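Have a look at the structure below, then the notes.
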Amino acid sequence: MNRLTREQLADRVARDIPEGAYVNLGIGLPTLVANHLPRDREIFLQSENGLLGMGPAPAPGHEDPDLINAGKQPVTLLTGGAYFHHGDSFAMMRGGHLDICVLGAFQVAANGDLANWHTGASDAIPAVGGAMDLAIGAKRVWVMMDHLTRSGESKIVAHCSYPLTGIACVTRIYTDLAVIDVTPHGLQAIETVPGLGFAELERLTGIPLINAIAPVTE
Amino acid sequence: MNRLTREQLADRVARDIPEGAYVNLGIGLPTLVANHLPRDREIFLQSENGLLGMGPAPAPGHEDPDLINAGKQPVTLLTGGAYFHHGDSFAMMRGGHLDICVLGAFQVAANGDLANWHTGASDAIPAVGGAMDLAIGAKRVWVMMDHLTRSGESKIVAHCSYPLTGIACVTRIYTDLAVIDVTPHGLQAIETVPGLGFAELERLTGIPLINAIAPVTE
Amino acid sequence: MIDKTVVSPTAAVADVFDGATVMIGGFGTAGMPGELIDALIERGASDLTIVNNNAGNGETGLAALLKARRVKKIICSFPRQTDSHVFDALYRAGEIELELVPQGNLAARIQAGGAGFGAFFTPTGYGTLLAEGKETRNIGGRNYILEYPIRADFALIKADRGDRWGNLVYRKTARNFGPIMATAAQCTIAQVRDVVPLGSLDPEAIVTPGIFVRRVVPIRVAQRSAA
Amino acid sequence: MIDKTVVSPTAAVADVFDGATVMIGGFGTAGMPGELIDALIERGASDLTIVNNNAGNGETGLAALLKARRVKKIICSFPRQTDSHVFDALYRAGEIELELVPQGNLAARIQAGGAGFGAFFTPTGYGTLLAEGKETRNIGGRNYILEYPIRADFALIKADRGDRWGNLVYRKTARNFGPIMATAAQCTIAQVRDVVPLGSLDPEAIVTPGIFVRRVVPIRVAQRSAA
């Protein structure tokens, strides 16, 4: 079995974003998706700090401290992009206007519960940012994460043990091992990496999955 | 006794608007105040339909159908004025940012209740516009009206018989006979037209007033 | 390539269905999307619920839609005007339902619809006829009523210029309800004086970002003045 | 003649009092009014409640205000950052109170403060730790929590250009919280790169109309880069 690298995972997610989609990429891993968007599609990236039509990182030496993304990294604005204030930006997010948001996660539960803002450790300094708004606002919430923790535990769980970001909000999970849809009937695996069968995926995940993996027909 | 004409009343109100005030003039009679603002003061007129820094009516032939006031009459924009949408406009009004609004009225009660939107007649088609927002939003709500109805009844009453626009919201009443403050202790007359004494004013008004009319010292 | 331009007003409103809730921009005739309304009349959809500040002026635009008896209910703040005789007659005949909303609550309810809120406590209208039956609450010594969002299936608005991504700028006080209605409808259709090349609109001055706009319909001024 | 220009940052913040609630614009350092914060530190007002998206970066600006121990409480969405060591240390020592608010609820609470609402039902945070103890309600099948407005005694913000009436325009994503904080404070103080003559700002593109701004403080770029 070949786990996807971070860049391969970003590429896999990017492939599913259709032309014309309005998309927010969360800080961290999801930010990588921007570099993999198909160049022949017009896709609109929104950043919570007040821009729509976010472009790639500027050339070195052309950074503008007044033009940053949610992760506070320098970005650019595409021709046709627009700036707006935080009130308007979160109205856009909360109001269901984004087609897709892609978020990192600590855990996703079988019902789509998301935990991605707080480890729950008593000495941790909590910080939430826009995560809870994105979790409940976008039409589709995609999670992008490693399937397993460093110690080998599944991050897809029956019930989240970390504090929640949003309830039953995740619609699809992209991991380095599989693509899994959250459905009313349960988690439905639709794709695995080459060399990984459904049974082994289910064993690694540790909770029941539905097998909806398309047979390889080539 | 010399009742003020409409223009004299507008002039009287205008005299009390200080430099730098943000002011909304309601439709109808209050609109006349704009023509009487002292030319040596910078006063900011707001119009509910999305402009701040409203100027006088345009010269004939220079009307712009896209530049109107709340009464849908053509106006102009002063240098330094700004346009905004209805959400922002009513946030400005409801949020307490206007120093003064001047409204017409059917009736004002002793506690400052205002009735100015609906006669209550069963066959009347009700229309409220921005009146209720103005009544509760501005720091000071001034009413500008005839003291008496055409049939000679006082429009200043113990309790409004017409449907209310806002509760205990009026702070000052300018009529063609007097200037009256709404205070926690009751209605306090501070000025009458020449030839009208306090006793006669109170008799015409029909409810108790407090006499705070400054003696003529000249 | 994304191009939201739709050349014909008729095509732009072709999917407005019977029973739809339709927001229509404008304050009086300023900002009223006359050509889109004409196309809507031609389209023939009926039993509409209309959200507009007013209830039509004269015999054109919204008044013509009312006169064609396509409107079941209107949600507005100021129906009665000197030239609102079409509405007045329908209302007196009991042939149109009126939900009268103070103008600021109307704006705020539309904004709440666009921004995903469930309800909000507003001071406007407390203690008046228009608050009858509504939930009230005293918060911090002040009285409020609870108001709910308004959302629509379609918003028909008029802007000044737009681009193929749906970005819009407006003209003077014709801006009024356009930007907030654009956020609260499933499908926002904007008629504009001109569709300009992408990048022509200053990103600092775009009032409605394209995310809120599905279709942009250029109406040449010659066409407009004939309407 | 109305002229809201105040040449000195020190004079502009001279009436900020002990115990005041002060909104400070900025998302990270973009839009942070560095010179006004420096003047506030110099002013010496203490026991402040600060509203900002973050809790300071490095050792300058808001972090310096925290380090000077002038802040009793901070209301923010994202205090923990790679360079938030000043806040981190105060927080771990129990020397600063933190009210953590999801970013969109923070923005909406500030807007509600500016717009005169009493409270609002928002879906964000429902069912999470940050909703504990808050009123909830199911409206139309969706769950919401009730959030209350935030208002302030002062707002310190940074804009790009302003005029003597207090009209402001911003620059790129440095706009962020400035326009909404300006509406929610008793006294809004804006530092700008330049005070331009009245009429220089396009009335269609003014983001903050002057009604929301009490003082405009020009900070020349040379000054700014030295901060």
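When the chains are written out, they are named A, B, C and D in that same order, and each has its own residue count from 1.
Heads up, the rule we're going with is that a contact is a pair of C-beta atoms (placed from the backbone, for glycine too) under 8 Å apart; a residue touches a chain by one contact, two chains touch by 3 or more.
On a predicted model such as this, the values are computed, not experimentally measured, just so you know.
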item	value
Chain labels contacting subunit A and also subunit D	C
Between subunit A and subunit B, centroid-to-centroid distance (C-alpha), Å	55
Approximate Å spacing (C-alpha centroids) for the pair subunit A, subunit C	35
Distance between the centres, which are taken as Cα means, of subunit C and subunit B, whole angstrom	29
Overlap residues in subunit C, where contacts from two or more other chains coincide	108, 111, 115-117, 122-123, 170-172, 204, 207
Numbers and ranges of subunit A residues touching at least 2 other chains	77, 83-84, 90, 94, 137
Chain contact topology (line, ring, star, complete or other)	other
Pairs of chains satisfying the touch condition	A-C, A-D, B-C, B-D, C-D
For the subunit D and subunit A complex, residues of the former touching the latter	27-31, 53, 77-81, 87-88, 91-92, 98, 100-105, 107-108, 110-111, 122-130, 143, 170-180, 207
Residues of subunit B defined as touching subunit D within the complex	19-20, 22, 42, 44, 46, 52-53, 77, 79-84, 90-92, 94-98, 137
List of subunit B residues in touch with subunit C within their complex	47-51, 64-68, 72, 77, 83-87, 89-90, 93-94, 118, 123, 125-133, 136-137, 163-167
Subunit D to subunit C touching residues, read off their complex	108, 112, 115-123, 137, 139-140, 142, 144, 148, 169-172, 202, 204-205, 207
Of subunit D, residues touching subunit B in the complex	1-2, 111, 113-117, 163-165, 167, 183, 198-199, 201, 203-204, 206, 209-212
